[in-house]
Each structure stands twice: as C-alpha cells, then as structure tokens.
Amino acid sequence: MKKLKIGIAGLGRIGKIHLNNLLELNNVEVIAVMDPSFEAIKYAIGKGVELGLQNYKDLLEIKELEAIVICTPTNTHADYVEIAAKSGKHIFCEKPLDLNLQRINDVLKVVEKSKIKLMIGFNRRFDNEFCKVKSSVKSGFVGEPYLVKITSRDPAPPPIEYIKNSGGLFLDMTIHDFDMARFIVDKEIQEVYAKGEAFTDISISKAGDIDTAVIVLKYTDSTLAIIDNSRKAAYGYDQRLEVFGSKGMIQANNIMIDNNNLFTQNGVKSSLPMNFFIERYADAYKKEIIDFIDSVINNREVSVSGIDGLKSLQIGLAAKKSLKENRPVKVDEII
Amino acid sequence: MKKLKIGIAGLGRIGKIHLNNLLELNNVEVIAVMDPSFEAIKYAIGKGVELGLQNYKDLLEIKELEAIVICTPTNTHADYVEIAAKSGKHIFCEKPLDLNLQRINDVLKVVEKSKIKLMIGFNRRFDNEFCKVKSSVKSGFVGEPYLVKITSRDPAPPPIEYIKNSGGLFLDMTIHDFDMARFIVDKEIQEVYAKGEAFTDISISKAGDIDTAVIVLKYTDSTLAIIDNSRKAAYGYDQRLEVFGSKGMIQANNIMIDNNNLFTQNGVKSSLPMNFFIERYADAYKKEIIDFIDSVINNREVSVSGIDGLKSLQIGLAAKKSLKENRPVKVDEII
Amino acid sequence: MKKLKIGIAGLGRIGKIHLNNLLELNNVEVIAVMDPSFEAIKYAIGKGVELGLQNYKDLLEIKELEAIVICTPTNTHADYVEIAAKSGKHIFCEKPLDLNLQRINDVLKVVEKSKIKLMIGFNRRFDNEFCKVKSSVKSGFVGEPYLVKITSRDPAPPPIEYIKNSGGLFLDMTIHDFDMARFIVDKEIQEVYAKGEAFTDISISKAGDIDTAVIVLKYTDSTLAIIDNSRKAAYGYDQRLEVFGSKGMIQANNIMIDNNNLFTQNGVKSSLPMNFFIERYADAYKKEIIDFIDSVINNREVSVSGIDGLKSLQIGLAAKKSLKENRPVKVDEII
Amino acid sequence: MKKLKIGIAGLGRIGKIHLNNLLELNNVEVIAVMDPSFEAIKYAIGKGVELGLQNYKDLLEIKELEAIVICTPTNTHADYVEIAAKSGKHIFCEKPLDLNLQRINDVLKVVEKSKIKLMIGFNRRFDNEFCKVKSSVKSGFVGEPYLVKITSRDPAPPPIEYIKNSGGLFLDMTIHDFDMARFIVDKEIQEVYAKGEAFTDISISKAGDIDTAVIVLKYTDSTLAIIDNSRKAAYGYDQRLEVFGSKGMIQANNIMIDNNNLFTQNGVKSSLPMNFFIERYADAYKKEIIDFIDSVINNREVSVSGIDGLKSLQIGLAAKKSLKENRPVKVDEII
C-alpha cells in the first residue's frame, strides 16, 4: 500500500497530538516536521520522523510531500494555507483560519482554484458523545429541534499573553461551540446575542476580554440555541450538550475520570469530569485526522470545510459586536 | 392551643391542594371556603369544612376569620387582596398579584397601611432541591456566583382559553423562574433579554403568545442567568437549576418517578421526571402553607412578600418588551 | 359512608406511624388505642383518638371494634392475634408473628377457624421501587429470573437489649429480605446457606448474634438469590434490589435525600440515601395499611398472609441453623 | 536506549492485543512471533514483526530473545513456561498456568530456580476503576473491610468446545474474580461456598458445566466476599465491584458506551456497559504489559506472581468441590 506523505507545521501541544496520531496510522508517512524550536524538532526525530525543518517554505519545497497539517499560531494560518494551496498540497489546518473575514474569503478562493482539500480542525465534531447526539437528532429521536444548549467551560484560562492575541473569548473558545451549534442540528445561525463579563481575573478585563459568557443564537428557521462559557471552572473541564425538540430531549453528559462512588457519613463522592481537552478529546483528535487522511486518499469531500471555518468566525464576530453594542446582531451584518 | 381560623377563596386545582394541606395541620381550622362552583364547595364539605359560600364578600364578613388563602383567577387577585387587607385578614395569595404593575403598587400600599401579612405563592422557594442549592450557595460552596441556569419545561400547555388570559408565557410560567433567579442567589435583576417562539401549536401563536423561550438576565452586580422554558416537553416536567461560581457548581436535578433501571439488549431504561407540579411540588406546597401560617401565628415577616411578587412581574414585563422589541430591556424601564 | 372502627395495640415507633396514617383515611375511625405507657396514650388522645387503654383485653372488649393493628413487642404477637381472632376482630400484625414455628402454626389454625382477616406487616412489599421491579419481572422484561440480589443495611444497630430479644439478625432484620426474595419473583425458597460475623460491636458478639451477613438462597426451581446485610452502614440506610434474568436485569436503587450535585475541585458530592425506614418507607407504610383496610372492607384476601409470615420465619430459622452448622440447610428441615 | 527483545507465542484474540500494545512501546522490540496458523503470522508480519515461526521451540532458540509472552491454549502454558524458564527467558503468561495444582507447583519450582521473572495475566488488576477502589480501600476511606462484592457477567458464552476444555466456569471465568477478591483487599481466602446452575444452554449442562454462579468467600480474617457470575447477560458485559467497610462503601460501576441520555415519552434511555473485555479492558491490557516490561527492565518483582496464579486456581478448585458436594470447602483442603 502506498502511504500518504505528510508534513506537520507547528509542534506545540496540538501539533504533537497530531504527530503521535499520524505515527499510529498505516496509510500515512510523516516525512517531515517544521517548527522554529529545536526542542520540538528533536521530539519528532525521537519519534522516528526523519526530517526536521525550522522554516515553513523549506517544508513546502519537499516535492514528494502530499499533505500538510498546520498547527502554527493563528496569525500564520492564512498565509500558510495559501502557500500550501498554491504548492498543491492538501491541508489540514487548525481553527481559526484567520480572525479577519475578508482574509479568509481570499484564502478560500485560492484554495478553491487549487483544487486541493482543505479541512479545518473542529475536533469536537469527531467526539463520540456529540456524534451520537447528532445521529439521534438525525434519526428523529427528539423530533423537530426547538432548542440547543451547549455548556463549555475550561478548567483554567490560558496565559494572558495568549489571550491578548487570541481574538477574544468568542473567537478563541466559543468558536468551537458556534461550530457545534451548526453541526449538531445541521442548521445555519441567523442572529446572535452575547453577554459576558470578566469575573475571574482583572488582567483579562484589562486586556479587553471576558472570561464568562452567555450567548443566545437564533437559527434561520427560528430554532434557538444557548451557549454558556467560562474560562475557569474550579471543578475542571465541563463539556455538555442538550438538544430539546418536539419528541424529547437528548443530552451528552461529561465523561468522568472514573466511575467510582464513595459512600461515607459525609455523603457520596464521585470523580470529576476528564480534566481538559487533551484527555477529553483524545479519541476525537484521532478520528479527526483519520478522517482527513481518508478524504485525501479517497478523494472525497472533507468533513469540515473552509466554509465551516468561515461561518463560525462570522458568528464569533457577530457575538463580539453584540457584546460591545449590547444588542442582537444579525450574522449577515458581519461582512 | 388556639387554632388560626382560615378561609379559602377558590377551589380549583391549587385551592384544593391548599385545602388538603391545611386540613392536615393542627394549628389551623378551615372555617369556610368560597367558590362559585357548587361541586367545589361539596368537595370541601366532604372533607369536613362546615361552611361553603359562593361569594367572596360573604366570606370576608365572617368576623372570626383571621386569614385567607386566595386561589381564584388572576384577574380577581388585586381586588380580593385589597378587600381582605381592608377587613384586617392576613392573606396568602397565589401568584401573580396582578398583571399591571401600577395596580400592584396600589394594592401593596393598602396592604402596608392595614398591617396585615401578605404572602405570595411562589411554591418553588419551598422545594427541598432548590432550598438545598440556596443553602449551599449561601454557605459559599460554589464561591462567588457567576451564572445561574434554570430549566423549566411543562409537559403540556394549558387550554388555549387559559393562555389567552394568562398574560403570556413570561407572566404565567416564567414568573416562577424570575422569582427563583432572585431567590437562589439573593440578588436583583437589572436587565432582561428574551427570545421566544411558538413551535408547538398554531393556536398559541395566533393568541400572540409563545411556547418556547430563552431569557438572559443580568443581575445588578453583573452576575448572569439563563432561563429556558417550554410549554410542552414530550418527556414530562423538567425542573432543573444550576449555579456556577468561582469555587464550583451546584445542580438541582429532576426527581424521577422511581429509581429503577432496566438493562436489556436495547439499552438501559429508567423513569421520567415526576410528571407535573402537583406531584413534583407536593411537599413544597405543604411547607409553603405551613410557613405562611407560622408567620401569622408568630407575627414574623412573611417569606415571600408582595414586593417579591411585584419584582418578578416587573421582570416579566421587561421580558415581554424585550421579546417584542428584540433588544435587552432594563428592568427599571418598566414602571 | 360507614367507617371501619379500628383500634391500635402498641404505640411505639411503628404504632405511631400506623396511627398517623390511619387518621388520614376517610374510611376508618380509630376508636381506641392501647399502650402500657401513659405518654403514648396522651400522644394518641392529642391526635383526636377518644379512648386510650393500658390493657389489651380491655381493648378487645369494645364491641363495635371491627379490626385491630398490633404493634406490641414480638413476644406478645401470637397471644394477641389469638385473642383478637377469637373475638372476631380483623388483624393487622407487625412481623414476626412469633419466633417459634409451631406456635405460629397453632395461631394460624385459630385464625383460619375464626374466618377473620390476618395481614402481616411486611411493609417493603408496598414500596414503589420494589413494586415496580416486581411488575417489570412479571411483565417478562428481564425474562426468566436467574438471580435475585438484595442488599439491606441499617445505619445503626438497635440497642443491645433489643438485639438480645430479637431472635437474632436473621429473624429480626433479614426476615424482611426473605419475604422480599419470595415476593419479588413469586417463588418459594428451598435451601439456605448463611454466613455471618459480628464486626461492629463486641456486645453483639457476646449476645451470640452477628451484625454482618451473607445469605445464599436456592428457590425450588433452582433460581438463586443472594442477600447481604449489615446492622451498621456508616453512610446510612442501604436498600437495593436486583433481578437478573434471561433477557436482562432490573435494579431498584436507593432513593437519595436530594438530587443536588456539588462540583468542586475536590470532586462531585451528592447526598446519601434516605436515612432510615421511617423516611424511606413512609409511603409504603401508608399503602400497606390502606391495603389492609381495603381487604377488610371489600372482604377480599389480604396481600400478605399468615403463611407469608410463617414462611419467612422458616427461612430465617434455616439461616440460623446454616450459620451454626456451616452448611446449606433445606427449608423443610425446619419444622 | 536498548530495547527489550521479546517474542509472542500464540496470536489468538489476546495474543493480538499484546502484540499491538507491545508495538506501541519504545522500550521493547517484538523480534518474533509464533503461532501454528499462517494467517496469524501474516498478521504480525503486516504489523512489522520480522520473524514468524510455527513452532514454540524454534522461538525459544532465538538467542537474543529476552522475554516471551505466552498466549497459547491453557493446556500448553505449563510446558511452555517450563521451557522458557529453563532457557532463561522472562515470561508473561496468560492465566491460568495450568488446571492442575501439583503441575503448577512443579512449574513454579523450575521458575524459581531459573531466577527469571514470571508474571501471570490477570489484566483486571490494571483496570483504572478497580485500581482506584483498591487505592481508596488502602487509604482507609471505607475503614475496615467487612464485605467485598463482585459481579462479573459475560455477554455470551464461548463456544461449547472451548467450554469443554476450559476447566469449567470457576477455573475459566470466576478465576478473574477470585484473583480480584484477593487483590482488592490484600487478603487471603480461607473458605469457599459455591452454588451454580446451567440456565442458558442445555449443551453447557451436558458438558457438566454451569453458566450462572454465586460464590461466598470467607477470608482468613473473617471478611466476607460474594461473587456472582453469568456466562450470558442479555445487556452485555457487567463488571462491578463493591467494598463495604466500617467507614463506608466504595463502588466501581460499569463504564458505559457513551453518556448520552435520551428523554422521550417512553422514559429515559441510556447506553449499555462497554460490550466485552477487549473494549472494557483495553487500557488495562496496555498497563499490564507495560508493567511486565518495566519489571524486567528494572529488575523488580512482578506485580502478579506465579503464586497469585496458583492461589486463584486453588480457590477455583475449592469452588468446584463445593459445588459438587454442596458444602463450604476450606481452600487448604485443595492440595
């Protein structure tokens, strides 16, 4: 069997996840990695990758390279995707493509012309809990959906320097939930109302960002959605979803660290939800990259397109505007 | 022991609940009931009540009557409270006092002058699940509250004629949740954003009402709350609450009909939540009326005041305005 | 409606439960109570009972008395039932009828001759959780039953003086589980193997009793059952049941004090099971006595017969023998 | 880093699990596999193993081979271990070592003389759920243990031919539970009482075996244990454990396929437990083989010794005797 020759740009936390998942696959060969850090390159070499580069363009010049996984910082995504598309490499790119809608539109045009595959990294679409909810919704088990509820809380905020460059809570964190809202019921968002506060850390507030948010979405067909977010849940990572419809309700609950229950005179004690995205979505990351490889090898449409990336950004920008102006904002106000 | 002599006006579903609960108490004597329906009066006589009247004023003329429980239709509440207050009878009145804020203000002035007790029937404040949440919040178990989430869904809408005179979903149904939002964290609401649709029944929409709603509340100290409502949950009565704060989260979950779990090849099957408010809040209704009686006998402040009734109505009116104008509405815009 | 005229003998903890439940019923009149303690009689008088006696025979001489509820100490049951039966009064008697099998047989003959109703107080048969399990088993939801599992643990042992006169753990506590084992699958027990220890208190061991036990039952058709007991569960009252069969398994789980869940950095904390039988089986006691009254009024067979009382005692005696001789004992070895 | 050179004998279901887990480790090299089936060898070659043999002795003649994983049929275990021990290879051997106690004793003597490591494959000791229970018990969270309860039910029986050669339910299936009973509280078993039936399949009964069993164990210090087994649970794989002690109780509950809950008018539906040991114990198998490799590389005692294998077999033989003679059997009766 011929193996797909792939490279990885960016070996931070997510880059390493993809590297390790790709190394387990039989139909892929990671022929090179790129990262400015020598330490990161050494990590990949130690795993058996033969070529480590510090410059993105050098990576793209490798002729036999067929596909690339982009996990570099957000502000490089658009350029890197453009370069790769022009070089005819298939692309898996972490979210978001860019924080500027026009820039994304331009990049997507380049991608379209180049005929390569571009998949955006919305990992939660591959999570077993959410896939089962989607499948139940599709099967009509809850009837016509009326309301989608998403709770997404992190155990702790990222460093303040990261936050400053993140585009803010809605573009960095809620963007996953915006994508989930579209994905879970296969419907588009029309209007956004967002409310938020910086409760946990004065530096977040000083950076002009928030750490706690509530967002109401209205789909084009009037279905409603609520998202609530926090950058800091004392009890860890909280990832819940609920779809309520004409025939019932389905919930995806947290996956707990274990299923032990301790009964003592003080009450019943059980374990917390799995701590953070690396553990919680370990399987989803695997399925995601397998799905990308499969779309390239079998020349089929990718599961998460550039348009998906664009749409969740657009909703995120609408949320930012809504928060600023304290009014519901139509998604198509954002252009 | 001297028993408090009490009368009940209105023997509908709620009136009968109060009647039966009062009949179980040792420190109360139900000396008369009033209802236009002969059937209803017969019901009370069958339970041992000696006097049944069809006219409210006749009831109020009973000299030895010390207190009255008002369960007549909403549009009579304000008048009946006024009359009772002027007669010097202590009053327990079902929510809402009235659908007009000014009218409530006027009534409350009369009540104040008369020095009688007036308690409003927000039964959920006496529910074990919610009381324990409140007590945990007060004890600081979740730290500083950031977000309150309330889910309140009915198994089926009331008759369309009832809906037409109900003041709409926010004043009839959500009003319980507005009160809960204030009660659970002991804070006041500043701003309301409401979104809603009539999904389940065209007649509700024709009546100008909605059956599904999402409401975002902002407290005066920036704490946030989300309420979601439905008039029709296929799986029954859904009453959940969650408070998320700096140190953790506490949830009040539904009470299920039973705790049986059936494991077969088709999955695990368990019971639905308790079907509707009469079963779900049976204990809360008992505690509520006991609490009212106790406030009268011991001459202490009532647990749920006329101001509480007024404030939840004000929030409800703000929600109505928000829905109509599709914008967040400050509670003090409503006067 | 004519009301059944009833008396209560014995106003201890259980007697008071029955008294209060009877006072709530419309088709019964508690015309007299009997208890050696003046305090207990005062309690009943305070509840509206008109006659209080200190002697059982005086109670039985009341002509209009139609039925009697016997809640006196175990060692009086057989005599009291005999006297009541001979007086033509219907009888509800707390378990066990006696600790001697021959004595029970004699009493049951008297009862049979007298044609009165005799119902034995196995309250758990009227518990919602267990009734639903039985009904599911009957409906074939778990197919052919293979194994019944019963867990029954008390929060704390009774006073040592009580234990000394109780007949031992198997006759005092497990007897409920023996009855449940028969009831839940409508089958008879053939063989018993019992193992037990006194772990919690040296005085229990000195009294020749145990506080922790495991009992294996074999039904006449080879279905198996396991019971485990403890006199002292640090976390309270533990009442679980499971039926495993050819098509699945059904469980009755504990009913918790509340459904709050508290999530903090230390884990998830939830409430303990309802503390003890008075709370846990409050509804069952009500249904039980209603059922007895109904059987008398409608002249139908009682739901729990003297034979049921006899059989669980016989199993209990087999368990005692098994523990002593450390071997499986056939129930019909006990005569 | 030097890699431990390892071989695998037997590439059935379990052999393949170990192969795949070993291939993921950095400190091991699988240099050869042995299986009579050409298909099985091809499977391993496809995974990158360079040498495939059809004869065990050929495998053992590889000089550089340092350790071996034995997954061949039970009746070869004793011989293969003996051969490997004499060749100075470290051994991981699937349970049971043999069905004959004397044979095991002889083998263990050979092992002892050879000074190689021998670890027995009791995979459940490495399961997260059970490890956490053991750790909680060790930490004293439940106080002094009084009762251990183990439920272990398979979704379907193995082929009847397998059953005929398996040594029977107690030696094939319950042996895991006997080991767990010892492991979870670090205590030895003194006495066994076993009861069982063939309910599900006449061919099992004809083969002289049972498919449903209840076993009562008494530890040397009087702690009690109950195990219940079934070869065929319609709802899948049921793996639960409970330790009850002076300060409380801890439970390890089943891990479910997912955490979705579907609420409809028919009730609440949720997922079944993970289907069978390959999925349920996937992580445990990984940790088990890592632990073995670690014990060899770091020259420390193995976590599951030959004595552990011997003791659970001894308990299993006692259970067989108990079932046959319908009496409690002391473990040291079995020699």
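When the chains are written out, they are named A, B, C and D in that same order, and each has its own residue count from 1.
The criterion applied here is as follows: a residue touches a chain if its C-beta (ideal position, glycine included) is under 8 Å from a C-beta of that chain, and two chains touch if they have at least 3 such contacts.
Please read these numbers as outputs of a predicted model, since none were measured by experiment.
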Exercise. Comparing A-D against A-C, which pair counts more contacting C-beta pairs?
Worked result: A-D
Problem set entry | Farthest chain (mean CA position) relative to chain C | A
For this session: Express in whole angstrom the distance between the two chain centres, defined as the mean CA positions of chain A and chain D.
Result: 40
Problem set entry | Euclidean distance of C-alpha centroids - chain A vs chain B, Å | 42
Problem set entry | Centre-to-centre distance between chain C and chain A (centres being mean Cα positions), rounded to whole Å | 58
Seminar exercise, completed: Where chain A touches two or more other chains at once, the residues are 233-235, 238, 247-249, 263-265
Problem set entry | Touching residues (chain side chain B, partner chain A) in the complex | 143-144, 146-147, 149, 153, 193, 195, 197, 199-200, 212, 214, 216, 218, 222, 224, 226, 228, 230, 232-235, 238, 244, 246-249, 326-328
Problem set entry | Partner chain D, residues of chain A touching it in the complex | 24, 128-129, 132-133, 136, 141-142, 247-255, 258-265
Seminar exercise, completed: chain C contacts chain A in the complex at 233-236, 238, 256, 263-272
